[in-house]
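Consider the two complexes below, in which chain A is the common component and chain B and chain C are the respective partners.
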Partner chain A sequence: MPASTFNFHPLEESTGVGWFQELQKKAWEQFSQLPSPGRHDEAWRFSSIGNIALEGFHQAPPPTDEQSILERSQGITPLAAQLVFGNNRLIHADTSNLPQGVILVSLQEAIKKHEDLFRRYFMKEEARLGSLKLAMLHLSQLKEGVFLYVAPGVVVDKPIEIWHWVQGNRSALFPHTLLVAGAGSHLAVIEHFSSLEEEPLLACSLSDVVAEEKASIHHVTIQDWSPQAVAFHLNTTSVLQEGSATSLQLHRGGHFVRSENDSRLFGKGAKSMMLSIVSAHGAQEFDQRTLQDHLSPEAKSDLLYHNALSDQARTIFSGLIKVQKRAHRTDAYQKVSNLMLSDDAEANSMPGLEILADDVRCTHGATSGELNKEELFYMMARGIDESRAVKLLVRGFFQTVLERLEEPQLKNYLQLLLDHE
Partner chain B sequence: MNFEKKSEINIDRSLGDFSYDVDYTFDAGVGLSESTIDYICDVKNDPDWVRSFRKEGYRKFLEKPMPTHWATKDLENIVFENIRYYLSQGSIPKRTWEEVPEDVKKTFERLGIPEQERKYLAGVEAQFDSEAAYSNIKAAVGKQGVIFVGSAEGLREHPEIFRKWFGKVIPSGDNKFSALNSAVFSGGSFIYVPPGVKVAHPLQAYFRINAQNFGQFERTLIIADEGAEVVYMEGCTAPKFETATLHSAVVELVALKGAKIQYITVQNWSSNVFNLVTKRGVAYEDAQIKWIDCNIGSRLTMKYPGVVMKGRRARGEVVSIALAGEGQHQDTGAKMIHAADETSSNIISKSISLGSGRATYRGMVHVPKHLKKCKNNTECDALLINTQSRTDTYPAITVRGQGHSVQHEASVSQINEEQIFYMQQRGLSEAAAMSLAVNGFVNDLVEQFPMEYSIELKRLIDLEMEGSVG
Partner chain C sequence: MNTLSIRHLYASIGEKPILEDLNLDIPQGEVHAIMGKNGSGKSTLAKVIAGHPDYTVTSGDVLLHGESILGMDPQVRARLGFFLAFQYPMEIPGVTIANFIRAALQARLPEGEELEATDYYAELYAKMDTLGIPRSFTARSVNVGFSGGEKKRCEILQMMMLKPRCALLDETDSGLDIDALKVVASGVNALRSSEIGMLVITHYQRLLDYIVPDRVHVMAAGKIVLSGEKDLALKLEAKGYDWVSA
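Up next, the complex of A and B:
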């Protein structure tokens, strides 16, 4: 754990926000005190964290090539708004077309101009899936991020796009995203995590998504870090009564990527859909931990994670459906599928259930298997060469997850992205 | 459905809930130390290698922490220094029931063991606290060269087979409780079935705890030589005392090429027993090991029968039924280690949680590198009866390489309200309807037990509903 790597530098005194500095100071103390994850830590079972060097990184300096960053920030169109960050600094913001009632600002601005609103939502949910120490590192090192608040009833009809770029050898990045969909509002957000060059980096991102009563939010993240990246992505989702949150994560880059997704169904009739596509190759390791926490009756959660593994890639999936007492008439589903494309790949699955209420419907499944030989044969018999046929079948395997995404613009964009792999 | 206000569900444990005053000739006293182990060695007249094996086990037991980082904190309520580790009337079992001392015999008669033996068993061993009081094998089976004796006799009379496998499937340091067993083990069976011999009827062991604050630590080793087949059944009961009792067995199975072993357990310990058992088998080429495991009793059971499939086309199977009643925690499951090509394993687990009961499934499936065509299928179904009931599922599945097929499925549900309503419409009481529904849930698994056991099981699972519908 990079305790020696980082020093404590809270946001400058000039921001004049004592409460935030106080939070950062406390986070630093907690980070320094908390034990590093070890081999006997259940929350890190099967993980190679012990072999991952976390030393020798530094807070990313200002990016040297803002022009390239802006040129390469070409994603989804049309857009409602776009923010581009380079090395933890906001370098571009286009928010002019946003409807009234939407606040989309940098974290620095949120602290200064929307203090009450921001404080109501900022880091309210503790990291519970093993990375509290990393969440505290994140908070103590935090410089910049996104605060998006959609007022009750407002519908944002086009996606909002956010880019987090990193540049520079051994840079450390701490992207922060706070998305709040007010009651009855509607929102779609796409986030990119990208490296400008192939360099070692450390990323420790934290995102909190809140869907209030009857709000609907779609949140897609595309992780494209450099092949040498060590990344921790800590995400929480909170859904209130009859709200709905859908997240889809597409993981492509990185050397060691830990992703934690903690979904809390606070309100009656809340819905959470958790989707993930991992294309793992080389010596990549993807370590995913999830929680579907049912705290209220009649809520629904649905998780579908598809991993395709080639070369010596490793994946770890540990998921838990937790149905608390009184969360009756819960409907929860969890499924992880591993498509093994190589003899050296390794998939670890730990799908879990903890059910404390009796009137529930909970199912989970985990499969690890190979490509359907008959389908492969059929395609090759039609003149498609083997490597192309394998590609198509893997594409189909990912499409199953995409089909669950109901937001058409995000879905189309992801389809195009995967078609061009 | 809400049964909470209406009824209380009890499991009938009256059959095993009695105890008799027995005069023990040998008593290692309370607590565990090196001298306890020496006492056991002296009483049992252990050879030197067993004495050092026990001491090594004791050292590992002290070294190992309680596995509470993943297991229940209830383990911390075991007070090792309050337990009596060895109690017996002598270490040589009797060959006929007539020779068994009256005070011990009446226990087994009340449990119906001699009667079952006459009716359908090939051999019986009856353990009372630390030692077998009775051990006998039908003459015809003995003539086939089948050895069925207590573990002490096994290590004395058949060291050439015993030592080769003893502690090899489950090393004493496997976990804290296998280490404890290695230190103080006493009783249990040693079975050897020669090549090609198929034992027509089941061999049975019955484990009885009679004394308070007692720890039972039997050790069973079963070896089926090439092409041999054997079915082993064990039952267990204890009276319900106020204080906790510990049962910590180690069971090792070895199925050589083409052999088949079926190991059947009906665990009905009283609800003050900590039942912490390590069970594992090794299956060589074309061999099959099947664990049929039914857990109804105990306060806390932690048991994950395993099969290491070491030879090509070996097969491992676990069929598990758990019933967690009021105050009980059944933490059961299976371990399947694939260590050769074309090996296959199957796990079917069904659990029922009622009252404040908690049923946990914990599983491990491991397919290491460079194997071809391994298969595993796991199905876990849990039934929840009351609002305060709890169920958990914690599988861990590792697959390396392509060409395997591994799938796990689990579901949690409750008793179908319509079914109950329908049965009540046909004149059944709510209690009877519930009972039928629960029996229906496990019926396909119960049928895998031998006839006599499945009848017993159905009776045990028959829930008694008390109180009336408000």
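Up next, the complex of A and C:
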């Protein structure tokens, strides 16, 4: 990764908050000092990062076509609330139906109006799966984002939807999402990352998800960047005692997409489910790194990643289950499956376990295989054309991941989305 | 008119010949049974007629309503009205029964025409009721976690929905208890008509108490070695197969 050509422009004085600018300044220094990642780093093994240029991108200017963005921001219905961002700027907010006790504001407003609360949660967990430099670039360049806080005990019974749009040639985008489900609250969020055009772009998004005691949060991300996008998606999930977090990432777009998903099970009896569906075509590369970090006893984590690879697509999966010393009676599972639809596609899987506690149940596994020819014949023997049968089998391969998602509205929406591919 | 005509059929898997000079006619409206020992080539015959790519037909012909189907892909044969109830139905994770049968019916419609969903579900539910399949099965993945009996009922459900002109049941009775056997047989008997020809492959005479055939054929070493009326099945049950090939 050659040095980027970004300049440092912290959030303007007008926000009136020195601490944030100070963070940005430090982040810029760290970004400048940290070495660029390369394949020689274990955290970037098999990655094509060395061939990915971060030069020639610029902070995205205001979008020129807000109307198109708003028209195309049609996702799930009914909704509890919707925010639409275009090129890092909030262009639409509908929060009127939110129950009492829910704060859903832009990052700038959070800094101004909810400083203490926002500061308590903002970027508390360091990026540790290889992309610290990119996390620091993200922070130093940060202009806008989402702050969602649900007060203890509040149930948001419909999903909250967030759109991050990008427009313009060689735009750089830094979407930021901070989701906090207070103790005993319930929350479902769906985020779309979408391009208005098929231009080259750089996206460096960071999301922090916090499920406090006995809270439940579902977080779905649908990544549909332009086929020329270089994208980094850094996600950290923190779950406290008996809290539950489920994340599902659906990756479809992009040219080079790096996704880091770090789950930290801080509390006893915490649960984290990590799901991912990747549909890789052409020369796309999806580089996924995960960590299931068990820091307390009796927690459960379950990871299921399904990749379907066509053409010359590449995927890389490296995942670690780490069971810390005091995390007895841990349940941890990790499974990645690669469905190879082309002889030229390449899947690299590196599952891993590091267990320091006793009395744990951990399994991990990685499989790569072609479509089952007998299943294909069975479908064709019913009159279904081969191409349609392949589509149905791939759809079935993705469906086994969707089945794990327990939030019915999000599940139905994703099913329809995949049915219409 | 014969629903199915098999003429001097030779077929092999790899270099190994399995069917050798097999001849069989199933007139429209009739139900025939093929019995035979394991390894006599019964299931190979089923796969060859369905168009399984692992088998090579080296000579002979298979005619469906007078039309040769050997050069056709499996899906084309199916759309012409051939149906194979599999001995070992495949499990298809993530594809529901409802979507699977729907895709099969949709494949039979002209380009641009959409299957009418309300009618489809009404018919599907009615047929599931007939076969004693709980309606919750529509949302389950095809054959995943099904018992042997459930898989076979699901095969018959597909047959009833796709309404073939020629049906071949490959050891549909294997793995069924007597109650399941009766349900499956009633489903098959409900389809019997002057329009359809059926071939029932079985190892045991028991199935033929419920699906009474017009003719019974005995297969050995890749060909039909004896044909007779339905009481031939009883004779085979009593005396075994060895006297036939001897």
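In this text, the second predicted complex is superposed on the first by the 417 of 421 C-alpha atoms of A that agree within 3 Å, B and C clash if a C-alpha of one lies under 4 Å from a C-alpha of the other, contacts with A are read in each partner's own complex, and residues count from 1 in each chain.
The rule is simple: a contact is a pair of C-beta atoms (placed from the backbone, for glycine too) under 8 Å apart; a residue touches a chain by one contact, two chains touch by 3 or more.
Remember, predicted model here, so these are calculated numbers, not experimental data.
In the superposition on chain A, contact of A:40 is made with chain B only, not with chain C.
When chain B and chain C are set side by side, the one touching more residues of chain A is B. Legend: residue contacts after superposition of the two complexes on their common chain; A:421 is shown touching neither chain B nor chain C.
In the superposed model, A:396 lies in contact with chain C only, and not with chain B.
In the superposition on chain A, contact is made by A:388 with chain C only, not with chain B. Of the two partner chains, chain C is the only one that A:375 touches; chain B does not reach it. Of the two partner chains placed around the shared chain by superposition, neither chain B nor chain C is touched by A:197.
Shared contact residues on chain A (touching chain B in one structure, chain C in the other): none found.
Contacts from chain C toward chain A in the complex involve residues 50-53, 73-75, 77-79, 84, 86, 89-95, 99-101, 103-104, 107-108, 141, 158, 162. Contacts from chain A toward chain B in the complex involve residues 40-42, 45-46, 325, 328, 338, 340-371. Residues of chain A touching chain C in their complex: 372-375, 377-386, 388-389, 392-393, 395-400, 403.
Listing the residues of chain B that touch chain A in their complex gives 1, 69-70, 367, 369-370, 382, 384-414.
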